[in-house]
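What follows is subunit A paired twice: with subunit B in the first complex and subunit C in the second.
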Partner chain A sequence: MKSRANEKNKQRSLWVEAWRRLRKNKLAMAGLGFVLLLVVLAIFTIAVDLITHNAFYTEHVVKQNLRLRLQGPSKEHIFGLDEFGRDIFLRVIWAIRYSLFMGTVAIGISVVIGSLLGAIAGFYGKVVDNVIMRIMDIFLAIPSMLLALAIVAAFGTSLTNLLLAIAISYVPTFARTVRASVLTVKDQEYIEAAKALGASDARIIGKYIIPNCLAPLIVQASLGVAGAILSIAGLSFLGLGIQPPTPEWGSMLSNARSYIRDGWHITVIPGLMIMLTILSLNVLGDGLRDALDPRLKN
Partner chain B sequence: MAKEELLRVENLKKYFSTHSGMLHAVDDVSFSLAKGETLGVVGESGCGKSTLGRTIIRLHEPTGGKIFFRGEDITDADKKRMKELRRDMQIIFQDPFASLNPRMTVSQTIEESLLIQGLFSRRDKEGLRKRVHELMDLVGLSERLVNSYPHELDGGRRQRIGIARVLALNPEFIVCDEPVSALDVSIQAQILNLMQDLQDSFGFSYLFITHDLSVVKHLSNEIMVMYLGKMVEKCSTADLFRNPRHPYTKALLSAIPVPDPDFHADRILLEGEISSPIDPPAGCRFAARCRYATDRCRQGDIPLREVEPGHFVACVLD
Partner chain C sequence: MKRALAILLVLVALVPAVFAMGGGESGSVDESGYKDTIAIAIGADVTSFDPHIGKETPAVAVTNHIYDTLVSVDPVTDEVVPQIAESWEIVSDTEYRFHIREGIKFHNGEDLTAADVKYSLDRAIASAAVSYIVDFIDEVIVEDDYTVLVKLDAPYAPALRNLAVPFAAIVPQDYTSANEDILRTAPVGSGPYKFESWSQNDSTKLVANDEYYAGAPQTKYLEFRVVPEAAQRTIALETGEVDLCYDPLTADKQRIRENDDLVLISAPSLTCYYLSMNMNKAPFDNKLVRQAVSHAIDRQLIVDTLYMGDGQAADDIVAPAVFGYYGCGVDEYDPELSKQLLAEAGYPDGFSCTIWVNNNQERVEVCQVLQSMLSEVGIDCRLEVMEFGTFISRTTSGEHDMAYFGWVTSTKDADYSYYSLEHSSQQGAAGNRTFVNDPEVDRLVEIGRGNADESVRREAYKELSIYLKDLANNANIIYTDISAGAGKNVENFVLDPIGYHELQNVRVKGSR
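Coming up: the complex of A and B.
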């Protein structure tokens, strides 16, 4: 009996255990569900663009129809039409890619750069640590939104610049998170054991330190994506991000602002999308934090 | 009968600089260890015994002194040479809960030794698998645990993984840093027997660090007693238990519990705390707690003297 139980446990890694704990958390699973729904919708819209060679996009998402402007929600247009008579539902789902994918890519870049810097600072300590972390402190002293604003203002408004601006402004957060966990992991005896075996520094960082620092990093990253989406929306709202007529939640909000008295739906819908997305990512991040904490093992 | 010398340590020093001064963790320790023999190192917590073991295999850089391994001076050996040497000098750690990477399975941990030292190529899956099973068998780990993670196993099994990982390299010299003090007494005996069996079949030399004299009694050929970074007495195991010379050794021996309720030991109780190893005063470091201490003990260095053939003591009274 016992050996059969062990057979079953065979490949159960710590990540599988974490997933089992996460599944019990209903709120986090709801958040994950909403994020997955957005991902599926975004992939769907990208597929439609590819298949129709942007014909559908030009015809239904960007094309104006001023006769029907500000029309409220109806059977044909469930979220209604905006100030130029475009379908808000279509615009909202066509906009997911910018928020979600750009947010993820931006955070992806800063996770890589930030954890590398943090790992080096934590692992080598002393002067290296001081130099890296003081530079990170300088970045942290500037509000991330302001920094992104400055970068976009200086280098011009383009997708790449927006991405880089957000990526750079999140680097210090990840550098700090990783450095802190590296400091706790590096004094563990298994690191010393690896040194005694003759493992190179690169191997110790890659196979011993990083896998053991991953949990807080994942939590921080999921919360970071939420922040990045907010930054993209914020910059677009200020006219420094995605430019109209390309649909983007922040710029939709910004344009709709002037018509707030004429149609409630054109501000509420993109606003709700931003809010729900951030909320989902935040509850997911909180759930992950609980799931990945080995002290809560049960 | 002179045995072949494997390791010789001469005047080894390891100081750590702290905010309040120099911490003398290991101070002027010399000894040699023959092939296939075991040297027990005993002393209370913080006396520098772990630091000694780690400095010898260069996990810490020595502050002074020399280390000779198979006659080769390895005190300043470079990274490349050290990596080669690590195949022959290894360490088993005290805490089997902390010394294994929690993200690696049993087989991954054991494979790691073989891969780092290039004994097997990563592509040689079949060879690796066979060798891992062979090693697990040697240390008494059941084959079905091969994909388990350390947190699923008990302390004894984890320590067996730690031993298998070291065994994989087939070293000549192993520092055993309190390998059983984190384990239950029943498990302690199993692990000690395993280590003894492995020594008999592979001819390892052990530097066996412990605070428990009864653990080294059956395992060591010689025992070295340390107090605050200094070696205070060193002699054969039999000699130490029969005829301890240093007051500190006497106190240690009298503290060994005897499994007899009617036995009323004449315990030597040490007064006070172990003094600070940071910038220690001249003279005998044990003087502050020694019941026989005189003014002579607090002046100048107390050299280690050979009072009988093979029996060294650092005490002015002897």
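Coming up: the complex of A and C.
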């Protein structure tokens, strides 16, 4: 009993240790802070929509006021009004959920599929490995943006298709990451021990291998979310993502571009939001890598 | 340290790019003080140099310099004037005799004769893309080397104007019949400019035809540069990279007007933008619903804001400058009436539907406004933006609820639009995408089409206009202006209301 409790303590302390290291990294903490702020704002807007039954949304986020279009920032509208006279601040805030949550969900899906495929490939090796990884290679050979574009173009523009398109295009990255760590883990003595005790393959993969591959996966995923958000914005910019009048950073940017010389604010603000979000996620990802695997530093 | 180095490298790499953007004055100046090249920024590339295929306005704005037609319409006086045909006589309601100018040579040296005219018109009739402009012709008969007789199926009043449309171009028979596809990439015509080179999605160069029957063009070279982003076209004009820019953005027009080095040439166009409702689909099979949609739209607000006052709220589907325009009055903006009509039609709480539009930013913006206006009366529209090819093929097969279109009356005669957009025989590809099939509409369209008497035609179009206003199959939104920006040093540029600007008389002074 005692030794087990000890073990648990030690296990936890590994994560605690990582958190301690991460906290020292000011840049990564700033990134984390910004991402958390976005999450809070997104949850807040969703709550507002639920409580008011979309009344606030229809009245203030999508309702147009053409006579006031392109008005610059003022006291009532701190980020100004867009090309249809809508408040940019509210639209930017309401758009967070699409970018952030869709990016997370898309990466979530690809992490699950990718790590399963990667683990199976790495664990069984030989033919299985070859078949899975060659298929992944084929996917990797196609630029992810192009693949997502093709999927959306073929199956139509909808939120689900957009999600799937991005999820599929990120699967190979995770499969590769996980396979590589599985290869280093699978010859360790504790795996041999589990085998000797008669544990099933599924148990070994699920209980011993995947948890030991988590660190690189977390790092990859946090960077992946940044990439996915950029892909969503990019597809929306091209008109293949979220359809108007739903606010989304990429489509806001795209719609604003012909007014760039008449109202700088309508292009700059959604652009800045995309940039800050990606930057935050990237510095956070870098920080996590340094924190989880100190050996990688230098 | 490494990072700093990387940033430095990027900056160094950017320097030449910045400089390259600045300069770029086009063409060299000859001894007379005029440039030998006019550079024009256009919004889209030529789809096909074959005049019987490439009929989109940006394509024709280039190819109409290469090809001529039998007759032409003067953009200023609006009269039908001779071109390849030196003169013509109207033998009867259904027979036109054309006397072809002797001595015209195609760019490859072949003589232009009656045989070429017959071949070209027959070829245009056979072409799926442009047939509708010449399908009033029953037969073209070669009477001698320089005389042709055009026989019609039935009297057709706008015949001469149709023959002046650039898609009725005359092409060399021997050259073209040897290889039907050759005109697509190596066009030969008899127009003021010869084809020199084309680099896809980049530019087209034309060189003056010194043997042109009406005299050599004023400027030796034309260079059409494809600049799809409208804001970029204006910037290219401002930096002096181009001398002319077609179709500047609404927001940029003011900027051009205010620039002392530039002029904005603008005029009412022959284009109407309209929202087509698919009458084969519920609830748009109900006239009250269609009227409700039309009354929910504040057209003047769209003109005043999105178009910044350039343009006019639309009533008829043909623009005021078109022969046969009556002007039945713009449907007034009245959301209350609209709601009432919806309730009468059995939709007191409105309904849901989709609006389709192709991915042209200006059109998408108008549709976003329409979407917002319709939601005010309870019609919940989803906007679907699609690529132009998909948009056209899917609306042709009638899959849409509502779709947003623009239409140019290229002949300046109402028949061109009414026949294509409203006649029951023209459903789908030809243009009738409301799928209206109404004997009264057909009857009035046919009167307008088959009568030579102008007053009879006007009367028919007046009745038609009033009838269609009530039918409300299309909600007509706006007549846009057509415009082009030019440097102060550009001389003799005449705006064509359709967008087929002709440049053979244009000269550009060496400096602004």
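The rule we apply is simple: the second predicted complex is superposed on the first by the 281 of 298 C-alpha atoms of A that agree within 3 Å, B and C clash if a C-alpha of one lies under 4 Å from a C-alpha of the other, contacts with A are read in each partner's own complex, and residues count from 1 in each chain.
As a working rule, contacts are C-beta pairs under 8 Å (C-beta built on N, C-alpha and C of every residue); 3 or more make two chains touch, one makes a residue touch a chain.
Computed from a prediction, not measured in an experiment: that's the story for all the values here.
Once the two complexes are laid over each other on the shared chain, residue contacts for A:L66 go to subunit C alone; subunit B is not touched. When the two structures are aligned on the shared chain, A:F84 is found in touch with subunit C, with no touch to subunit B.
When both complexes are overlaid on chain A, the residue A:F34 reaches neither subunit B nor subunit C. Looking at the shared chain after the overlay, A:P244 reaches subunit C, while subunit B stays out of its contact range. By the touch criterion defined above, A:A194 reaches subunit B but does not reach subunit C. In the superposition on chain A, A:N255 contacts subunit C only, with no contact to subunit B.
In the superposition on chain A, no subunit A position is in contact with subunit B in one complex as well as with subunit C in the other. Of all residues in subunit A, those touching subunit B in their complex are 3, 6-7, 9-11, 13-14, 188-190, 192-199, 203, 207-208, 211-212, 294. Interface residues of subunit A, counted against subunit C in their complex, comprise 58, 62-64, 66-67, 69, 83-84, 157, 239, 243-245, 255, 257-262.
Across the complex, subunit A is touched by residues 229-231, 249, 251-252, 255, 301-302, 304-306, 359, 361, 364-365, 368-369, 371-372, 375, 382-385 of subunit C. On the side of subunit B, the complex with subunit A involves touching residues 54, 57, 59, 82-83, 86-87, 90-91, 93-95, 98-104, 112-113, 116-117, 144-145, 147-149, 151-152, 162, 165, 169.
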